[in-house]
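Same chain, two partners: subunit A is paired with subunit B first, then with subunit C.
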Partner chain A sequence: MKLNLKLKISMLAAAVLALIAVFMLIKLGTNLEYILPRRFKKVLAIVLTGGAIAYSTMIFQTITNNRILTPSIIGLDSLYMLIQTVVVFVFGSMGIANANVKVNFVITLGIMMLFVIALYRFMFRREGRNLYFLLLVGLVLGTLFGSMSTFMQVLIDPSEFLIVQDKMFASFNNINTDLLTLACIILALTGLYASRFTKYLDVLALGREQAVNLGVPYDYVVKRLLIVSAILISVATALVGPITFLGLLVANVAHQFLRTYQHKYLIVGSMLISMVALLGGQLIVERVFTFSTTLSVIINFVGGAYFLYLLLKETKL
Partner chain B sequence: MKLKLRYLIVLLFLLSIVSLFIGVKNVSPLDLFSLTEQQKQVLFISRFPRLISIIIAGISLSITGLIMQQLSRNKFVSPTTAGTDDSARFGIMVSLLLFSSATTMQKMLVASIFALLGTFIFIKILDKIKYKDAIFIPLVGLMFGNVISSMTTFFAYKNDLIQSISSWLQGSFSTIMTGRYELLYLSIPLLIIAFLYANKFTIAGMGEEFATNLGMNHKLIVNIGLVIVALVSVVVMLTVGLIPFLGLVVPNIVTIYKGDNLKNTLGYTAVVGAIFVLVCDIFSRLIIFPYEIPISVTIGVIGGVIFLYLLVRRKAHEA
Partner chain C sequence: MIEVKNISKVYGGKKVVEDVTLNIPKGKITSFIGPNGAGKSTLLAMISRLTSADQGEVIIDGKSIKDWKSKDLARKISILKQSNHISLRLTVRDLVSFGRFPYSQGKLTKEDWEQVDEAIRYMDLEEMQHKYLDQLSGGQCQRAYIAMTIAQNTEYILLDEPLNNLDMKHSVQIMKVLRDLVDELGKTVILVVHDINFASCYSDHIVGMKNGKLARQGSTDKIIDSEALKQIYDMDIPIQEINGNRISVYFA
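And now, the complex of A and B:
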């Protein structure tokens, strides 16, 4: 059984490598110095965000003991859109924050982190431990942010609205190199920090009571893992834009494909699947649809359809 | 408590008069007996239709919310949190795609079918969920709604319809005038049916076994309720646009004071719903006068805050 799992993981890894190779080398042309670094940046961005989203969703689903939730639903996507809209609304499309992508990235990330920490602090102090309650509050806040952004989007100039609309859909084109480095560092540090807790995940999956019985400092670990998962999602969103259903899709595919409860395989597997999905999707968008649609729209569509299928097929939720 | 309803109706009446005389074109109550031609037109083409549509929309959405909560036996279910709204929007998009110049009737038909389908799927999902936590169910509903709207986005993006679709996202009474809102009248007969079936909905809300024991065709009643909900939601969405949280907040507030018997609460819910929308509309028209904020934003913000309060309050009671 163990060999089988390792084999599956290696197959996924091989698929990722093959896709990267295709992505880098397809229709290469002659202008190598220009094309290769550009494509490399794209691949790096895809690998980073794909990995981060998958990791974060896996943790999140284990903590919440639920396979139909994703961390973006606590309102992070809507908050991201609200921040981008406010920036364009206040500073205009030529504004400072927009011209300097680094400042925008740092501010966006900062606000999202503040939001998550404030939400968690408030909820954990007042409500004890009902996670679903926390999520619903987040979701409602997300709708609130959504209403406010829609309102501002109506007021801004149509040509400036196009800039906001661009941000609505995640895109891997034109990613700033410095941002990529910065995101790399943040993700690496977060991953390192989280690795201290990943050994608990198998036990956490048994539910709160069992985990406490088995000697896991439950509240301590869960709070930290929730924040880790929020950081990962925020970095990914601030880097490329919102892809709400990617995590949901890959985490569930990983469960179905690997059929195991060991998180060391599940996490690696879901990260690899996520990269396959993004790389393959990006290839299809570029070569088949020739950019007539965006990757995040396709991923959300496929992820959403799969989610519906899960909801209707599974007998127990 | 009969007295209280009377007060509410008086309040609604007073607010309606206020609403009639707010606007960019100045029409004061003193002018009533010496209206110029222009003032007459303002009143009859714009102000009256607006007032009527506000009242109908407020009543309709609150009552659909109440019916859904009764039937699903969950206080936090409403067209917004059950995928009905998103499915309706999906249907509108499909009708735009299939018949490029769809008439309102066509849009309404297709959208209703989709809204109905979406709501049925949600009810089906509810049946499967073992963990019937009051908070978990709206969570699933909202996720379900997100999924549906991601599909809408997929097709809309491919066909350059994003903008026309997002206009359905924004509820607003500012475009209401004679000739553009009459569809709303369709919800009146539906609401009358809802009133007639009030008792049966209450019994259906006690659970399938109980209702069947009392000799009722549970399935039929639930289906009638859902059809009413879907049709009314579509009618309001096509004329006014999406108004989030309304069907959630108003019935919950009324239930706190009046309990769960639909026969007692329907009237209050209707009047409170109308007052709520009217107040929010007056507010959105005054705050950046002479411009106005779309009603969906005002209610989205106010309703969202009230909903959060209700959630926290409920938890506080449990503890």
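And now, the complex of A and C:
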């Protein structure tokens, strides 16, 4: 059983490495100094985002004991779109907040983090508030952000809207190197912090009562893990755009593929699966569709189909 | 010893448990009985820290549960609730091994596994230890959970309606195991039980609750008594002695 799991993880790791190799080396041409660093940046961005989203979704699903939720339910995706729309609406597409990717990244990440902290402050101020109540509030706020964005998008100039529309889909083209370094640092620090709590995840999956019974400081751990999950999602979204749906897909594939309850395998496995999906998807976008579609479309299509299949096949999720 | 001092809990303006004070003796089986909605389960949840008390405090071995570290308390007291729905793919053995978490924090040593094996043996689950929980019947599942509690190896074992949904045979089997835990291993067992005849046959001490308040408490032969039961249940319950057990005949 254990060997089997390790074998499966190694297979996934091999698949990731193979895809990276294909990605870096396919149709290399002659201008190596130009092409290789560009491709490396893309691969790095894909690996970071894929890992962050998978990790975050896995944590989130375990805390909520629900395998059809993603962290986007607390409205982070909609908030991202709202920020992008407001920036274009107020300052115009040529304004610094939109045109300068670094400024945009910092503003977006900052606002998203403030939102999460404010939401949790509000929620946990009073004791005994239910986790699902938090999700409900997030869901409602997400819808509010969504309608506000739509409202502003209708009002702005059509050519400006194209700029906003471009942000609606995740993209790994044109990623800024400085942003990558910053994202790398934030993700590494967050991951390191979260690793203190990973031993609790298996027990948390048994539900609150068993977790408390087995001596997990439940409120303390859950609060921190929720924030970790939100930071990871915010960084990934600010870097490449809304792509949280991927998390739902890879977390479920990881459960199906690994068939274990142990999070040390599930987390690593889902991160690798996520990277495979993104690398494979990006390869298809670039080589098969020659950029005539976006990665989000492919991921959402495959993910949606898989999700329907899951719902039809398994009565219990 | 567990001391409960002036404990209260309010849900939505209704006092579910009101000013309850009691001592639970060590090395005995204590049963909580009473009608539906009397506050038995809430009281048990507050003693086990699953629910926080609005007023009053619970003192375990001289220290308030607020001052205990969660991890240390998990080696002192364990609680098993009535509904245990898990969507995880776990085998019986996996589940039982979770009982060692307070000691090993997930990295089980050889000694931990020995305790797991022993708990599985104690609950007679050896043959099905590699089966998945969703393949088991309700009674087998309940036994697996009790085995996990045994692996947790705590001095105090709290159970909320452990006989729920079990047939006679399994109910008797579980009550006998609880009795053995007390007599052989010196544990203290506290349980909520609906069938007062099980309470009568197996427990040493009975706490009767009614409308959130403590109605009666005392040794089993004092509470299994028509007058005391009338106070708790508002019913005339004749008691007959059969083979040395006091049996309540409340069916008709």
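In this text, the second predicted complex is superposed on the first by the 313 of 317 C-alpha atoms of A that agree within 3 Å, B and C clash if a C-alpha of one lies under 4 Å from a C-alpha of the other, contacts with A are read in each partner's own complex, and residues count from 1 in each chain.
Everything below uses one rule, namely that a contact is a pair of C-beta atoms (placed from the backbone, for glycine too) under 8 Å apart; a residue touches a chain by one contact, two chains touch by 3 or more.
Source: prediction; values computed, not measured.
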| item | value |
| --- | --- |
| Which superposed partner A:Leu206 touches (first subunit B, second subunit C, both, neither) | second |
| Partner chain(s) touched by A:Thr290 [first = subunit B, second = subunit C, both, neither] | neither |
| Between subunit B and subunit C, more extensive residue contact with subunit A | B |
| Which of subunit B and subunit C A:Thr30 touches, first, second, both or neither | neither |
| Contacts of A:Asn300 with subunit B and subunit C, given as first, second, both or neither | first |
| Which of subunit B and subunit C A:Gly215 touches, first, second, both or neither | second |
| Contact residues common to both interfaces of subunit A (with subunit B and with subunit C) | 127-128, 316-317 |
| Contacting residues of subunit C [partner subunit A, same complex] | 48-50, 52, 70-75, 78-81, 84-90, 94, 98-99, 101-102, 105-107, 152 |
| List of subunit A residues in touch with subunit C within their complex | 65, 67, 127-128, 199, 202-203, 205-207, 209-210, 212-218, 259-261, 316-317 |
| Residues of subunit A defined as touching subunit B within the complex | 68-69, 73, 126-128, 130, 132-133, 135-137, 139-141, 143-144, 146-148, 150-151, 154, 165, 169, 244-245, 292-294, 297-298, 300-301, 303-305, 307-308, 311-312, 314-317 |
| Subunit A-touching residues of subunit B, taken from the complex the two chains share | 76, 121, 124-125, 128-131, 133, 135-136, 138-140, 142-144, 146-148, 150-151, 153-154, 157-158, 162, 166, 169-170, 244-245, 293-294, 296-297, 300-301, 304-305, 307-308, 311-312, 315, 319 |
